[in-house]
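In what follows, chain A forms one complex with chain B and a second complex with chain C.
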Partner chain A sequence: MNLLVATDRSFDSCLKCTACSSSCPVAAVLPDFPGPKQCGPDGERLRLKSRDFLDVALKYCTGCKRCEVACPSDVQISDIIAQAKVKYGEDKFRLREFLLSHTDLMGALTRGSADLVNKLTGTSVVKFAMDKTLGIDRRRQFPAYARQSFRSWYKQVEEKQHIYARQISYFHGCYVNFNAPELGQDLVTVLNAMDIGVKLLAKEKCCGVPLVANGFHKKARSHAEFNTRACHTALKQGSECIVSTSSSCAHMLREDYPAMLGQSEQQVHEHIIFITRFLSHEFQLGNKPEMKPVRLKVGYHSPCHLIRSRGVLHTLNILREIPGLELHQLDSNCCGIAGTYGFKKENYTTSQEIGQPLFDQIEAGEFDYIVTDCETCKMQIEMSTSLQVLHPVTLLAMGMSRGK
Partner chain B sequence: MRRMEADVVVIGGGATGASVFRDCSLRGMQAILVERGDIASGTTGRNHGLLHSGARYAVTDSHSARECISENKILKQIAGHCVEATDGLFISLPEDGLDFQQQFMQGCADAGIHAQELSPKQALQLEPAVNPALIGAVRIPDGTIDPFRLTSATILDAREHGGALLNYNRAEGLLIEQGRVQGVRCRDLRNGEQFEIRCQAVVNASGAWCHEIMEYADLSVDMYHSRGALLIMGHRMNGMVINRCRKPGDADILVPGDTVSVIGTTSTHVGRDELETLEVTADEVKTLLQEGSKLAPSMLDARILRAYCGVRPLVAESSSGGDRSISRGLVAIDHGEQDGLPGLVTITGGKLMTCRLMAEVATDKVARLLNISVPCETASRPLPGAHLPEPIGRKMRQGQSRYRLPDSSLPNSIAGSAVYRHGDRARSFMQEDDHHNNAVVCECEVVTRGEILYAIETLNARSMSDLRRRTRVGMGPCQGEMCACRVAGLLASQQENGDEVLGSLQDFVNERWKGIRPVLWGDALRESEFSYWVQESLLGLSSLQPEGKAEDNRDLYHEL
Partner chain C sequence: MNYDCLVIGGGLAGLTTGIRCAEAGLNVAVISSGESALTFSSGEIDVLGTDLSGRAVQNPFTALESLVQHQPDHPYAHVGTGNVAKSLDWFQREIAEAGLPMVTSGGLWDNHWRLTAAGALRPSWLSQQSAGALPWGLENIQRVVFVSFTGFLDFMPELAAAGLKTHPVFQQAEVQSLNIELPLEHGRGATADTMRAPQLARAIGESDVELICTRLLEQVNDADLVALPACLSAGRKNWLTVLRRRTGLRLVEVATMPPSVPGIRMLSALKRRLTAVGGFMIPAMPVITGDVSYGHVASVQTPDDELHAKQYVLASGSFFSKGLKSHAAGEISEPVFGLDIDVPETLSGQSFLVPEGHGFNRAGVRVNVQLQPSLNGTVIENLHVAGSVLAGYDPVIEGSGGGVAISTGWMAANEVIKKVALP
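Then we have the complex of A and B:
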């Protein structure tokens, strides 16, 4: 099969304006990274001649998509780069990429041994070993695994969900299920208070973001098919829509699945919504949970993928509805972790340098908490600053519990 | 008047003249090449760049077919950095039927062209860009050829063997004494100075203009000037050459050339007074797109970079028939034998890819005139740079990394592009730690500062357009929007006359516009607006022009 044929031809519209390159957080700190223009639309034209023109520097792209936000020509720069790595690169199985990207598998394997795994990945011996053998930077903190998964907690409240007039389905994703079931619980609390019942999909698989980022495209595609089918069934069984509390999962499900699977399932993908978009719409219609003043000063960090999917406004809208909240919007600055990217040893420094202006602003702000929609941004900020990071939904739930 | 001396003067710096220049130099003659413009600025720089396998002529012109396949094999050997052995397909569409395919296979077999019949499915797998409606396909050893690089490398070799290149010098007359051609009267077009070159033989390789040189000696030839238009697509849409398996017609070849694909051609007869005014018409663009998209349907929504046309220097053998029935074979005339005027040899007709053979035939005639018996070596001697680096590391599959600088840690896109264009000569301008010279000047085609300087110092580039021909600077999607001014700055740093550089910058920009105008819609239109904004509103290009020229430039923009 001739690989040298363009699959995504959006690069043809590139005007060579370099707006993308001047907004790339990696290019700003890493001189070896030629930037989105050269790696994306420029490079693709060369790679169509021969795979010999593939630059190794492509691996430094975090996939943050800030370049795509800047582009006036709708060039899918970050997708072009991600695909190029797979299409023209040499197929090599790498254990580290496998471990980091198979988040659902890793979560399932640790079930029942969460405490042990947490302790292990926290110890310096294990960290040292992972650093040396896998190239996972030892300075990284791993997200802790929860003792009870969200799905198994949910069984307690499942029955009750039928009493609400309206039903929606919740795509919890790997992070909520294995690492942060509290966020899922908060969501159930908030939605129930708005007279909406929460269902889960019969089964769900990792949305595929880490798989794509690490070159497991085939696998990602099969996950996309599986999840699309599950969403389809949920809609048929009366859910109004499917919500996600992760800005990255939501972006993948809503914006990238159609590109992977074609337009045939458009109906389904259109009904997948990031939670704050859903909530802000409900709030506007007057369906709001009751809250009492929280008296907190928070800084809001906008995640790259939420910017790309034009969702920041909705999060700001719902945060503004929390009484007593002193809300500060932090400068738009990538935190640097970019999913699994920052876990890789060779990226650690770049990752931290990208985020440094953000960390400085956070430390100087005298905030009680930082708020953000993305779980990996949360990991990065908690590791790199002294502050704790909350999800907007958690903050809403806090407002409600103070009200009770 | 200034006088020079040489054994041979070659008039015309296209592929043909360059090859004669090389052949003469390799056989030990002192040769001078006189070209009124830049090298490859005639038809050589305005063709399709197809390294014919000969299959196109297999049914209609078996002699040409044989010439092609033989030269095809030679060029792959001696000019690895100027050609790409992509292979090609001859596809049959439902409207063509499969009858021609049978004749075609037979013709290829007769001419010794390896042809392999494929099922539509196999063809689509090899070349996904091909029209999925095809009902049959044949694979043949077509390739692509970069005319600029071929000419440039050929001239470099001649110069390294003692030849002298005089570009921007026009031949204005022949010195005829005692019934022999004894030299050429020339004019340096940059300062207007006239001079003479005395020599023992003159080779007229001025292509579509060769009748003009003959007229200096009151001779004439019945030229048939056939004009062809082509479109350049924004990226390389196809990996293999795609042809229609039927009698040759309009827009039936899609050639992948470097980073682009080129669809062509059309064919119309033009008078000799029209040779200098070549503009592509709207009708031609329409035909090219309509017919071209039958080869590769995705062409309809792909970006078109520009349009151009060239004139085939065909010699009419008889006055019957359209131009495609005139032989594409070479025409070599020893005017001593034919017209009783010794000392003049004319070589024309033929094709870009038969330039070496044409030169061999012409040089044999010259050698006879000069009593030189050194045999021709051009078929076996590689051009400068043609040794592409061998793949390093045992694990790499053959042909997998042709475009790499061995042991280099430079990015593949940068080192690879240099090697792609200059073969192993890339080493002479690309050093590992020379960050300054490895800086990329033209981002679309990845041309570095070092490569620009190399083209100025070693490849005789004098103007912006000369640099474009030698390096591809300004040939990518932005058509010089980003790099034109950077390159002009570099050129100015190497030349004393700043006004001349400004003039050449203006010529360059205008020449880019000329090619874009016929396809000014969609992405080309957006790009043009942006270019205008960058070059005019931001950099004030026309206000920088030398006095008097500023007005012209503004006119051009207003026409848009």
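Then we have the complex of A and C:
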């Protein structure tokens, strides 16, 4: 996302074909959203003339990037819209945006009081209060905070990691650290089984996805600088690469940091890899852990940003290697949550309407589990359907521990 | 991680190949970089609409016989007339399985007519029920009304009416247009003039349908045919069926300017079918090059990976989809493998509307009767080619786009299935 660089001129190559508008999940459910063509290339032309042309409807865009995937002419539509929101929009500081976007801070604050926070955010009183005072929709379920953070669990296995000849670093992100340490544990299991040791960065900050989405650009940039330095050090100290189990963090670190920080650190960013891409390459080279059959019927949901960063192939590749697994690819359909977007009261209905076809398909499919790479997709699907959602790495780990 | 078959291109041709391979139990993935022509199309399947002398074709399969005799390099000649019919039957069953029933005309081997947004009539073979396949004999249709909704820009009833008036059969007929101003119950205050067809579809509610119904009964209840923009059948409810029942009129939907509701509906039905029968769809993934040596594709490259399969099918579409590339010097190339190309001598001839068609459209990848292409004269044995990237036909002039994509996609799959089964 070229948020902090000069104006993107890619709108000049727009062919007016409307392919983008036909694939926009928001336009499909919101009659008053003019759609990517009008908000992106068409609107930009006008906005360059006068900011009076700024359309308030821009705020409905979720940044899913499905328009960019559809565009035959490589117009960076979603980036143009995101830029316009920053450049011409009011920079309001709002508590809700602050709370939703400072995922690392929130995680740190709840440390030691996870049970209490989980209970509180689950109660209707608190939900009602958040709804009324903050504009966070009360129908939302919040991700539960774990009692022990991933980092503190990791200390138990840190010593053992040195016995492996190969070392890689893991950018766990806020979600694994505070909400889903078991996913991080599964990753260690899988990589160790492949004879690879797992290190953590000396320290990491939130990748910045929620900060950018909520308008905290300066902060996002400072996080980008911090994380880039940490990755750089890790590489110097012998890590082959840095992997992430979150498709959004990985996209941010790999694709968006270079644009935010300039190309100088590109070599660092090229070494940041989404986990299924790493595993798919290893498997292909013959480094595949032994797995027992996992006799489950699962539906795979591809997150929008993973589609955009061309990662669907890699996830399918590794899932197809799990013996016994009955794998069905779900229709490519946005789940509607789009990070923090769906948490906001004004977006709740839109968010659920966008996801409805996906939820229907999931309920009809008689699956044991749904599999997806993204933590916010997981939250959305678990809240809106009766199924539990697993990460691909967790399924791999299941194949290793079965029958042990 | 290897596939039995990798299909490059997820349009009508590639999806057809993918579905048939997956049904045969093959491990197949369809890799596609962008939107396909279906998003812009009417969502109907034309097999052959115009014969060699430029006349509208009533029985496409008879006309095909003579077409392939005169044009032995036509893709239909490679598939064979009998197989074209078989592939279309198969396709009709598949798409019905995916929840989108399509119909032929009442007459066993006849084309029917489909109405375009410009008010033209085109002979077509398979239609979605919303388009209401018009029977070949049009004489009974003497009063036609084109209806749209005030402000909606992607369908102009006046334009359509004027277009239909130029048709010989309708010169004496009464052709009118009617605009209805809708309250747009679910429009959240937005008006039709900012909406595209899929949005208009969602904005319409019971009160709008009630109003349309009243206006139709009051103003055009003696019409033989009422044509509306294709969006009613894609709403919160299938309003088209509701209106047909309440008015008793012959109502048909016409594909609007893109994005086209029926085109998108067909595309999603096919993708759904592909994954339902066990195939995989890899979106947003361009294939950059292929590694070919001694008449064999060893692998194909995407920006991040090298992919391997036993068999490959190229269904990358025509110029707009970037399956073919035209260069400044008037040259044409196939960008992935650099396959041998056929370019008609009359390439983009002096006049745009030459009777034998716009040479440009006939350019494409040259193949043998098994749909195998060649590279510098050497046939590639594990690559087959399907759809509009093929040379030797003109989908626009002939009215054959859908039929060629389906029948060549089907045949490419058959070839692949045969070869994968061999030890």
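Throughout what follows, the second predicted complex is superposed on the first by the 397 of 404 C-alpha atoms of A that agree within 3 Å, B and C clash if a C-alpha of one lies under 4 Å from a C-alpha of the other, contacts with A are read in each partner's own complex, and residues count from 1 in each chain.
We take it that a residue touches a chain if its C-beta (ideal position, glycine included) is under 8 Å from a C-beta of that chain, and two chains touch if they have at least 3 such contacts.
These figures come from a predicted structure and were not determined experimentally.
Undergrad: Answer with first, second, both or neither: which of chain B and chain C does A:V56 touch in the superposed model?
TA: After superposing on A, A:V56 lies in contact with chain B but is clear of chain C.
Undergrad: Give one of first, second, both or neither to describe whether A:D12 is in contact with chain B, with chain C, with both, or with none.
TA: A:D12 contacts chain B only, not chain C.
Undergrad: Which partner does A:C71 reach: the first (chain B), the second (chain C), both, or neither?
TA: second
Undergrad: Tell me the contact category for A:R45 with respect to chain B and chain C: first, second, both or neither.
TA: first
Undergrad: Looking at the overlay, does A:S280 come into contact with chain B only (first), chain C only (second), both, or neither?
TA: second
Undergrad: Where does A:N317 make contact in the superposed view: on chain B (first), on chain C (second), on both, or on neither?
TA: A:N317 sits against chain C, while chain B stays out of touch.
Undergrad: I'd like to know which partner A:L30 touches here: chain B for first, chain C for second, both or neither.
TA: In the superposition, A:L30 contacts chain C only.
Undergrad: Give me the intersection of chain A's contacts with chain B and its contacts with chain C, in residue numbers.
TA: Overlap of chain B and chain C footprints on chain A: residues 17-18, 34, 38.
Undergrad: Which positions of chain A touch chain B when the two form their complex?
TA: Residues 1-2, 4-6, 9, 11-18, 34, 37-38, 42-46, 48-57, 73.
Undergrad: How about chain A: which of its residues touch chain C in the complex?
TA: Counting only chain A, the residues touching chain C are 17-19, 21-23, 27-35, 38, 69-72, 277, 280-281, 283-284, 302, 307-308, 310, 312-314, 316-317, 320-321, 328-332.
Undergrad: Using the touch rule from the top, collect the residues of chain B that touch chain A in their complex.
TA: So the residues of chain B in touch with chain A come to 125-129, 234-240, 258-259, 298, 301-303, 400-404, 411-413, 416-417, 420, 440, 443-444, 446, 476-478, 481-482, 523, 526-527, 530.
Undergrad: Quick check on the complex: what are the chain C residues that touch chain A?
TA: So the residues of chain C touching chain A come out as 1, 29, 31, 34-35, 39-40, 184, 186-190, 194-196, 198-200, 202-203, 257-260, 264, 268, 271-272, 275-276, 278, 280-285, 302-305, 307, 320-322.
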